[in-house]
C-alpha cells in the first residue's frame, strides 16, 4: 500500500526535496566586556533537511524540530558571540546535523547590518545602510558549501562607460554612446572552494577585502559593457583570494537617461539625467577558476541565476 | 594562449554561466475591439543565454542584443496580444533563440496583475492586489521548461490547526497546542511535464483551477502541521492536472500569538491575537509524481529552495 | 528661573506641541461565538497629548503612561470586540482622556485589512489586499475630530479621459490628447461634521457606501482632467452622506505612456502602454460643504496636504 | 446660480484647498567642469496653489500648468546647477509664483541622496544610504516658509538609557529598567525663522552641522526617557543655529528586547537582544524658541504631528 499519494495506475504523488525552519531571526549582540561596546546585528535563517516525510503526509511531528526551537538555539548560541556570519552559521549547522539522527543537512543563511561609532563614542552607533553582508551555508551529503556575499552596494560612474557595437535588428532603436552614466546595485556572492580548510580564515577580513576589490574594479574599469565591468570585478576577487573558487554577480543596469533640454533652448552636455526605476538591465554571470565545479548545489538554493 | 583570465601555473579565471536582459518591463495591454475593453497588466523580464564571452572579457558587444532591444521586442510582440503569460513568454523565447545564431537559450519571466471591472463597467477597472500570477520559461539545451505560479496569496484559518508531538530538546520552550491560528502567504510554482504538448492548453484556465485547488485544500485540511497542509495543497493540484509534474510551495508560517490578558483580569479564549512580523516559520517542499525528474534545471534559476 | 531651556537675553528654548504612544499595534480579533467565525485585522496607533514637559526636560516619567501600557490597553479593549475602527478608537480616546488627569487629548489611528471567506468557509479566509481602510480620531480642546478613509484603491480607465487646453509656456512639450488611460491610487479621507451625533452611525456601512460612491464616480465621470474626476468623487460622497462635511483626496496620476511602435512598422491605436513608476502627477484637494470649517485641526496631524 | 456644487436648501458643495503637480522627479546632476566630477542626486516634487477651480468643476484646463511642464522646468533649471535643495526649491517657487497670474503659491519638496567617492576617485561613487536629506518650501500669502530635514538616520546606544518611574495602572506590565538599548530612526525637520534673510546662508553647511548636533546630542545624553533625548537633540540645534526657530522630531522607539535565555541554563547580562519590528513606540515633539509662531502653516503640509 502506498504510504503517500495515489494508488492505481497513475504514478504516486510523493514528497520531493523539502526544508523548513525559522526565517529572519533578528539578532542583536552586544559585547560589553569593556566600556567600549561592540555591536553585531544580524538576521538569521535556519532551515533543516532530513526525514520529515511523516509530518507532510500524516501530520506526525515526532521528527519536527520546532521552528521556535531553531529560533531559541540561534539566540542561545549568540550568547557565546557571533564572530562572523560564516562561523555562526557553521556552529548552527554542526549543532542541527549532529543533534538529531534524522536531520541530514540544512540551509543556514544570514544578513549582517553594519553600524559605525558616532564620533568614536564607546556605546553610541549610527547604522550604515549602504550595504548588507550575506552568507549562506548548505550542508548536504556530508559536505558543507559556503557562499559569502554583499548586496545593496550602489555604485555609479559619471563617465568612463561606453556602449556601442551591438547588433541592430528590426527592434533596435538604441543609439550608440561613448559616454554614459554607469550605475548598478552590486549583489556579489563568492563561493569558497569545496573541501578547503576554512577553519583559520578571518571571514571579516575577507569580506572587507572583497568589498574593496569589487569597488576598485568597478571604479578602475573603463567600461565598454556592464558585462566587462562585472567580469573584471569577479576576476579581481579570484586573483586575490585563492580560497574562493567562484564569484557570482547580479548587476542591474540602473539607467540614467540624458534629459533632452533642446526644446527649452538649453544644451545638456551629459549634465542633467533622469534616473529611471523600471525597466532596468539585468546582467548576471559566474566568474570562476577553470576546473572548478561550476554547479555547486548551494547555487540551487540561492537562485535567480542561470 | 588563454582567451580570458590568467596565465601561468594558477588555473585561469574564466566566465561561467551568464545571462542578461531587461527586467520588469511594465506592459499594459488594452484590447479594444469592442466597447467592452479587456485589460492585461504584466511585468516581463527577458534574459538570454549563449555566446557572450567576448562582451565579458573584451567589451566586444557584437553579440550583445541590447537590453533595450529586448524591451522593444516585448512591446512590439504585445501589439498582437498577450493571451497568457506562458504563451507570451513562449513567443519571446522562440524569437530570441531562433533569431540570433549565438543565442542558445534564455530565461523569460513574467508577473501578471489582475483587475476587476468596477460594477461591470466597460472600461473602468479596480486592481485586485490580493495575488500575483507568475511564470518562468527556461530554454536550455534545445528544450523548454515551464513553471507557472502564484504568489502573495495570503490565507488564514481561525481554527482547525494543531501543533503538538514535536521533539523537545534543551532549547525547546514552545507549548503544544490543539487550536491555533494558521496563516501563510502562498507562493506556489507548478512545473509542466517536460516534453508534454502544451500547445492546446488554456493556461488561464489552469491558473484559475490551481488557485482554487490550493485555496480549497488549505481550507479543508484539518492541519496537524503546516507541512501537512502544504503537502495536501500540492497533491490536490497534481491529482487534478496530469499536465503538471511537480508543485513547489514556499509557505511562511505567519505567527499569530495569543495575547496574555490575564494580568488585566481578562480571559482570552483564542480571540485576541498579536500578528507578528518577524521571525516567521518558513516551510518549503516539492510535491511531485513519482518517477518524474526531481531536479529540473528551471529550479536553479528560481532558487530559495532545497 | 527658566524651567526649560536657556536663560539670558536669548529667547528660551521650550517644548512645543508633542505626542507619544505606541504605533502599529497589530491586532487580530477572532469572534467565535458560533462555528462561523468573524475576523477583524487592524494596525492601531495610540498617541496621547497633555502635560509631559517634565519627561522632556528632566527625564521625569511620573506622567508618562508607558507606550507598552497603551499597547496592552488596545489588546485588553479588543477582548470586548472591535466593531469598527472608528468606534474602537473612540473607546481608546475616552479611556485615556478620562483616566489620567494630565492627558488632555490625543491622536488615535487605525488601518483595517480585509479578509474574504474562502468559498464561504466558516473559518478559512483569504486576505483582500486591494484596499486599506483608515481612521484617525483627534481629541483636542475637549472635542473629538473624526476622519475615516480608504487608501491603496487602485483604479484605471482605458478610455473616457482627455487632457487638453492647458497653457503652453517655454517648458511645455506635452501633446494634447482626447483619449488616454487614466489611472490612480485612491486615498480619500472624509471628515465627519464636528459636533454631529455619531453615536448611532454604522461606520462599516458608511465605509462600504463611500467606497462604492468613489468607485462609481471615478468610472462614470468622462474626465477632462484628473482634477475633475477627483471633485466628482468627493461631491458624490457629500451628496449622499450629510454626516460628512469634507472629503480630502490625494490622487497620483499613474502615467501610462503609449509605446511608439512605429520604428518596428507596427501601429499602436491605444493598445500597448508602458506603465511608469516615477515621476507621477499628484493631484490633491478638499471638497467640502460651503460654510463648514475648512481647516479642522485633525488635518494638521495627517498632513501631506495644502 | 451656484458656480460649483449643489443648489437648493442644502449648503453647496465647493472646492476647498487644493494643490497639484509632479511628484518624485528623479534628478541626477553631474557637474563636470573639471575631471573631478560632482554628483547631485535628488527627488523633487512641485505642486502649485492658486485659482484652479474651473479644472475641478468643469474640466477647464486653461489654468492648469501641466504636471509635465513642471517636470520639464525642474530639469531645465537643473542645467544651471542645484547647489542645495533649499536654493533649488526657492528657484522653482519664484518661477511658478511669478510666471502665472493665477498661481498664488505652492509647495515644493525634495529629498537628496548622498554619494561618496570610491577611494577618492574622480568620477566613481558609492551611494551612502544611511540618511536622506529633505526640504519643503511652502509659498503662501506672499510669504515663504522653509523647513529642512533629515530622515532615515538610524542610531542606537547599547547602554546609557533608563526607563522607570512611570505610572502603573491596571494595564501596566512593563518592568522598570536602568539599562536598556535605546534605538531610533531620526526624522528631524527644522524650520527657518519666518522673515529671516536666508540669501547668504550655506544650507549645505547648516545640514552638516545639524546632522552632527543631532548625533552628538543623542550619543551624549544619558537618557531617562526617549523624550529627554529628543528634547536635547532639538535644543542643541536651536542653541547653535539662530536662523532656526523650531525643530520637530519624530522618533520611533525601536524596541530591542532582552532574550530570556534562562530556560537554556544561560545567563544574559544585556548581551543578546531581539530587535522587534512592530509595534514600536513613537515619540514626537516640537522644540522651539519661546515667542516664535508655534503653528507655521508649513507644518500642515507635512503632517503626522500634533
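A few comments on the model shown:
We call the chains A, B, C and D, going by the order they appear; numbering starts again at 1 in every chain.
Everything that follows uses one rule, which is that a contact is a pair of C-beta atoms (placed from the backbone, for glycine too) under 8 Å apart; a residue touches a chain by one contact, two chains touch by 3 or more.
All figures in this text were calculated on a predicted structure; none of them were measured in a lab.
Residue contact pairs shared with C-D exceed half only for one pair among A-B, B-C or A-D, and that pair is A-B.
Distance from the centre of subunit B peaks at D, each centre being the average of the chain's Cα atoms. Taking each chain's centre as the average of its CA atoms, subunit B and subunit C sit 32 Å apart. Centroids of subunit B and subunit D (each the mean of its C-alpha atoms) stand 38 Å apart. Distance between subunit A and subunit B, defined via averaged C-alpha coordinates, is recorded as 20 Å. Of all residues in subunit D, those touching 2 or more other chains are 26, 72, 76, 171, 173, 263-264, 277-278, listed in ascending order. Across the complex, subunit C is touched by residues 4-6, 10-26, 43, 45, 47, 49, 52, 55-69, 71-73, 76, 99-100, 107, 163-167, 169, 171-174, 223-225, 227-228, 230-231, 234-235, 238-239, 242, 246, 248, 252-253, 278-292, 294-295, 299-306 of subunit D. Residues 26-32, 37, 39, 41, 72, 75-76, 78-79, 115, 118-119, 121, 123-130, 152-160, 181, 212, 215-216, 218-219, 256, 259, 261, 263-264, 266-277 of subunit D are the ones that touch subunit A when the two sit in their complex.
The touching residues of subunit C, counted against subunit A in their complex, run 170-171, 173, 263-265, 277-278.
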